[in-house]
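As structure tokens, the structure follows; a few thoughts come after it.
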Amino acid sequence: MTAPIATNQTILVVGGGISGMTAALEAAECGKQVILVEKTPTLGGRTAQLYRYFPKMCHPTCGLEINLKRIKGNPNVKVMTMTEVTAVAGSRGNYAVTLKVSPRYVNENCTTCGECAKAVTSEIADAFNYGDGKTAAKLKAAYLPHMMAYPQRYVIDASIAGTAEGEAARAACKYGAVDLDMKEETSQLNVGAVVWATGWRPFDANKIQPYGYDRYPNVITSVEFERLADPRGPTGGRILRPGDGKEAKNIAFIQCAGSRDENYLRHCSRICCMATLKQTQYVREAFGDDGKSTVYYIDIRAIDRFEDFYQNVQNDKTVGFVKSKVARIAENRANGNPILHGVDTEGYHRYAVEHDLVVLAVGMEPEVTGVKLPADIIQDSSNFIEGSKDGGMFGAGAASSPLDVNRAVQSATAASLKAIQVIHKTASTEAA
Amino acid sequence: MTTNANSANQNALARYKNNFLKEVEANVEDGHMVKMCMQCGVCAGSCPLGPAWQHSPQKIFMMIRAGKREEVLGSDSMWMCTSCYNCIVRCPRQLPITHIMHGLANYAHRLDLAPKGQPTREIAKLFWDNLVKTGRVNELKFSLAMYFKDGFGQGVKNAMAMQATGLGLLKAKRLNPMELVGGHKCKDIGGFRKMVAKAREIEDRRRGLA
Amino acid sequence: MAKKQYAFYPGCSSQKGATASNFLTSLDVVVQKLDLQLNEIPDWNCCGASIGYAEGGELPRLVINARNLAIAEKELPGQDMVSGCPACWLATRETHERLAEHANLLAETNVALKEAGLNLNNTVRARHMTEVLIEDIGWDAMKAPVVKPLDHLKIAGYVGCQTNRPFGIAGESFENPKYLDKMIETVGAEAVKYDQKVTCCGGALAFSEPDKSQKQIRDIVEAAYDGGADLIVTPCQLCQANVEVYQSEINKKHGTKLNMPVVYYTQLMSIAYGGTAQQAGLDGQVIKADKLAAIAKK
Amino acid sequence: MADNKFAAYICSGCGIGDVLNVGALEKIAQKEGKMAMVKSHPFLCNAEGVQMIRDDVANEGVTHLCIAACSRRAKAEAFSFPTAAVARANLREGVIWVVAEGSDHDEIRQEMAEDYVRMGCAEVKKMIVPGGNVKESSSKRILVVGGGISGMTAALAAADAGYEVVIVEKSAALGGFARNLLKRVPFSGPYAEPQATGVEEMAARIGTHPRIKAHLNSTVAKTAGAPGRFQISVAQESGAVTEETVGAVVQATGFTTYDIARLPELGGGQANVVDQAGLEAMAKQANGGAIKRADGKEVKSVVFVQCAGQRDTTGTHLAYCSGHCCATSIKQAMYFKDQNPDIDTVVMYQDLRVPGMGEDFYRSAQQKGVIFTKGKAGKVSGGDNCKVEFRDLILDEDTAADADLVVLATGQVPNAGVDLDVWTEINTKAEGGDEAAKQQRRDLEATSVLKLAYRQGPDMPQFKYGFADSHFICFPYETRRTGIYATGPVRRPMDMLQAQEDATGAALKAIQAVENAQQGRAAHPRAWDLSFPKARLEGCTQCKRCTVECPFGAIDEDEKRFPLFNEERCRRCGTCMGACPVRVISFENYSCDTVGSQIKAVNVPDEFEEKPRILILACENDAYPALDMAGIQRITYSAFVRAIPVRCLGSVNTIWITDALNSGYDGVMMMGCKKGDDYQCHFVKGSEMAHYRMSKIGDTLKQLGLEPERVQTQEVAITDNARVARLINEYVEQINEIGPSPMKGFG
């Protein structure tokens, strides 16, 4: 594919998660020209991987449906997936951007009929379900990233591109949609302003050695737990622990897994407390009064009107709270249960408790894979984007600060206007 | 010693009024980090001798901030530290907890507010004296001193109790009776002692313990 | 090629006739085979160990360690200091770093050192023997001299505290360091899985709080048994002595039947390198490491 | 414009041609669908197929297209023909992917497909391409109510983007609450020290900005009109009234601090017990010097009591957390420490809430020697020597702290004006002629902030705790008063940093609103929809249901008490259409006819065929996608259902139900979003309204001699793809048990 036409009146948005989609759409619905680039094969980002939102317990995919409808219907937004920004030259009002577009090996002829997948046997990690982690979810090497993937088009994984399997996939497609001759492309864009909505990634739990994520199968991360609870997830919404596939009814949630810790992330990731409170309700949804959630925390940060959600969860007799940073996790070799060791600091009570499953509320850190920020970008001590020296580039959403979805969208909307201001200034100075 | 300790104690009380945190910051090894604790409790849970603690480290930090001077300095908790450094490596605020515990113990000991007869306290003193005498630790003399620290009778009991162990080491040539006469020591023991005395003098002056 | 030279700090417990003397013995073979030269620091003194703090305070403790560094700096210029004992290493490295960080402490230290006619520029790096083996010698070179691989031996690598925390070996995790297991495998034995690898043995309180310290020991030894270990190997003098010699005490008190040999990694190496039981200091075991000795006889 | 020409295009790709008789479908489109032109294509969505359609539109004068292929959610770009009316018959996700495989299902599968073709043809015949309504003159100015940090930020943000702004500020100066602050919590690295508020600079910029006009000492006396044509009466203190025409409104009316007099147990009202605002005043007066109490005594020790009158579970005080107070107390503790490190400063908290980089600010305060005590204050006594009795949660003891000064961290109370629920109640009485109520209404309306001349009341609807917030997580600016955006602490408790980000976003939405208004385009969530409800007033019975039920206050009543539609306020949900008992309200492309004709187009077999027909009316945003995705997952469900997507269950007119039942359908299923407090309907009450209306339909059913079970309303989430199939199959079972509708054959 070739890059769309762009001018210094065009806004480039990097990242197709909810923040990027918002920044792009808000500008586009103001009548501005926007190019939205996303490094993965689909829009949606990490919010699409959440089962429910706090505090309403509604579904992120509901908002995704609306945003996708907005994008399909708006001629001002040009979407480029599997595209990374490799270089940004120039300055405020006039940037020269270099894009790298990776081959999808499937063109717009794809009807998502799924015949190519049937023709392929080899599997790859299912990124949407955190398949490279504890869920170990897999999907075919010819795949639709997820049910609401946009563009609604299959992907042939590069691993089978040059192989017989790739050929089989091509042969299976009645519509000439599989194009194995696609090559990586580089293209140049001229834009006036750039919004970096490159998002976040879960902190690498392997680094938190005392919790043994790397050693104990029944210690998982909060993002993986979202997929376990989701009916569209690898377990069909059943909360089964990775160690032995047994139902996990007695679950420990460990807060600040990486966050507020100078050995890992010095900042507070803001969302984890609320996310955990929400997830305790997944346990209730799954097991009713037979479920048991225990939250190990330092401070519960249920900020502003989320407080009442916290109060409701406190009133849920299946949920317990322990003010303690868990010291270490051991494993009961006999039954594979993780054993938590620590001290409840409220009154000093020592515990060594077994749970079926431990969920680490891992912190948010800025996404870096496939993200090459220009030197002009200003970052804080945790590498979140504060802005740019020349004032023509902006951070939006979780790329700018650890934010929940609601505030990420606010941030993206604000960034969108800042970008429009740059465009406006350029236009008016050119007019003058 | 006790009289010195007493006057030192009085000085400290006068100097820091009731601001115990300040006193700790000025006189305890790495005491300036006490204020950085955020009460997560990871240290308390990480200590191998945790169950033996009357107060966990994080609680002691809170007590210091709350000005509970006598309780803190009189606590035997710090004396339970095995120097395993688990707390240090896990502390999310990177407090040098082991050092602070050592520092508190030392300060309490020097003010003579530490629990009387606290075994680790006594043994630590024996150990140090033993060290200063020869520049090296003479294990046999040290152990014997240990056994007899509570008087001759008790000493014999202790020695008998540990006989098996002692004999084992003896057989294994890892306990040398010859140590009783002579044995290992620094050649420049004079210089060594002067040096240690000087160091102590400087530190005591700094801490108003002189 | 020229031998690698190190300023060697044996430490009190490794002296002849002391509890860790067999470490020193076993080290000889290793040193030969790996072409190292350890130059003992003249007139070195005790590091103050873990319990020196109570009477010693901060500066005196820094100063006694500074003395060793100062002597090494003067007498064995340009050589890294290496110690076999974690306590010695930790105390020295801590001193080196603290003095590097705080100029005022270094100044005060030198005032005290002057009394012993010494001065410290603090240029000497303090390292642990395992560090030297892993970083300067390397795994392949460590494997090369193996002539009697310790086949069929199941060994619990017990790292303990002070070689592991707070400094540890570069690149290793505090909770699950892997280098000792790797050493076990390097000499052809099998490293068993067990969950007390880095548990504290309570050595510092062996005398003052025997029950508490012995509980730690019991947990460690029993876990090693559960893991199916024939013996325990450790890089730590205090751990070795503590975990080995008190097993009989524990048996007496609790009617257990603990009889797990505890040896140093250097003892494994010297046997694997073809050393005799004697050379490996196995005669120094309170609990005999017969299976290891048997291999030596082969 | 030329006459209408109808064409149907049937795709045989994706296996449609393999399991369906496409030839038969073509005949249906021709004979029953009355399509002038019918074509089938093996791969309709590819370039060549699409080009074929384009050519027919261009050369054959085709104006109306029925595309029988995949779901309307698929290939939207390919099948977009702006000049033509397009209906999509969903043969793929709606038929072949959900009907069980195998030849014994061939017949019912084919029947299902044929019905969808009939429905598509019927629908498109009734559709008109919305013309849109571009205005010649439409104001693009933006009104900002409130001149605090949020208001100033919004004003500058919009003005810097080239839009004219009018600020209305009730006080004599810009700056609002922030004007009284010595410093603000840091908003940029290294997050270690309090920073300057920057209020003066902002106020100065506004003063000289060519596109900003500020009315000080002024309030809004009236807001009439709609986006693009709001008429604002600005009342000066002097009494003078200026008229301003604006296109959109940003409400940044901020907050009031919770009155500490209501916290006697915490020493509220006693000497030397102040709130954070009080402390700022003291600090400002000290101006870097020693902070002195009212009695002139220098403060040597201070205790900050967090969550004062907040996070209250007893129902007496604020139930929520105001979010900023922890960082604010930290900042204020620094005022003391930076001036004199020996001052004892204790922050007494239960959960210290300093998210993000706030953690650095917390650390910095600890570095400065601020003591943080996890404790719950029980009793505070003021006076010369203040005392805070509290439970130390770490030391697990009841104890007390003495201090020269106690600062209560109280919460933010939004300045959101009139609570519409209260107003509505009074208003109903008043309209009933109750004189007392009329007076109450006058008094209440006097407290209004916006003084909206809207049928639905004078201010923005309030969400939880009186905040004028959006209910939607993905769409924080999804307002219930089109073109009016609340921002800052009036919307949600927040700190200055968030308020500024929020205000910038609100400014963008206001800009969008004026642009949309001028183009006659709908605002979110049906962004850029050009359709618009037309009412045949000659048929109107003035029942007021449309005006009352419109979730967005888009409909007023004219002097003759007829509904007065305000296009620019309308969100195109169709709730009015669903409400209208005489069906005089319709959109060009979505009306009682477009849906009704589909319902009637379905071929309903007689009772002897044992093939029930069940109508599904599914919310197009959640339930319909769920049905679609059941297809994508190849989850099968009964082939007896016929699904029609609707804009919102609120737009469902009961006539559709009665028509369906009259024409012999055996059951009707309505699928909408979750209702109740955590409602998920983006048109607010659609789902709730449908439930309500259906509860009323019982009588109608009785008259027809039908069981109530024949009409069912379900809450369906977008993730319910598996559940939705289950619901269908269970319902079909239920209907089979009840037996065929007695109405068959009469239709």
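Think of it as A, B, C and D in the order they're written, each chain with its own count starting at 1.
Here is the rule we go by: a contact is a pair of C-beta atoms (placed from the backbone, for glycine too) under 8 Å apart; a residue touches a chain by one contact, two chains touch by 3 or more.
Being a predicted model, the structure only gives us computed values, none of them experimental.
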Distance in touch steps, counted as few as possible, from subunit C out to subunit D: 2
Neighbouring chains shared between subunit A and subunit B, ordered by label: C, D
A-C compared against B-C, more contacting pairs: B-C
Chain occupying the middle, per Cα centroid: A
Centre distance in Å when subunit A and subunit C are each reduced to the mean of their C-alpha atoms: 46
Mean-CA-position distance for subunit D and subunit A (Å): 24
CA centroid of subunit B to CA centroid of subunit D, Å: 65
Touching two or more other chains - residue numbers and ranges from subunit D: 352, 374, 394
Multi-partner residues of subunit C (at least 2 other chains): 174
Where subunit A touches two or more other chains at once, by residue number: 210, 260, 323, 328, 345, 348
Chain-chain contacts as defined at top: A-B, A-C, A-D, B-C, B-D
Touch list for subunit A against partner subunit D, complex: 18, 25-26, 29-31, 47, 51, 53, 55-67, 69-70, 72-74, 109, 111-113, 147-148, 152, 174-175, 230-232, 236, 260, 266-270, 299-308, 311, 323, 345-348, 380-382, 384, 386, 401-403, 405-407, 409-411, 413-414, 416-418, 420-421, 424-425, 428
Complex contacts: residues of subunit A adjacent to subunit C: 209-210, 212, 214-215, 328, 330-331, 333
Subunit B contact footprint on subunit A (complex, rising order): 210, 256, 260-263, 298, 323-328, 341-345, 348, 350
Complex contact set, residues of subunit D against subunit B: 344, 352, 362-363, 366-367, 369, 371-374, 392, 394-395, 399
Interfacial residue positions of subunit B with respect to subunit A in the complex: 38-46, 50-51, 55-56, 58-59, 86, 89-90, 92-94
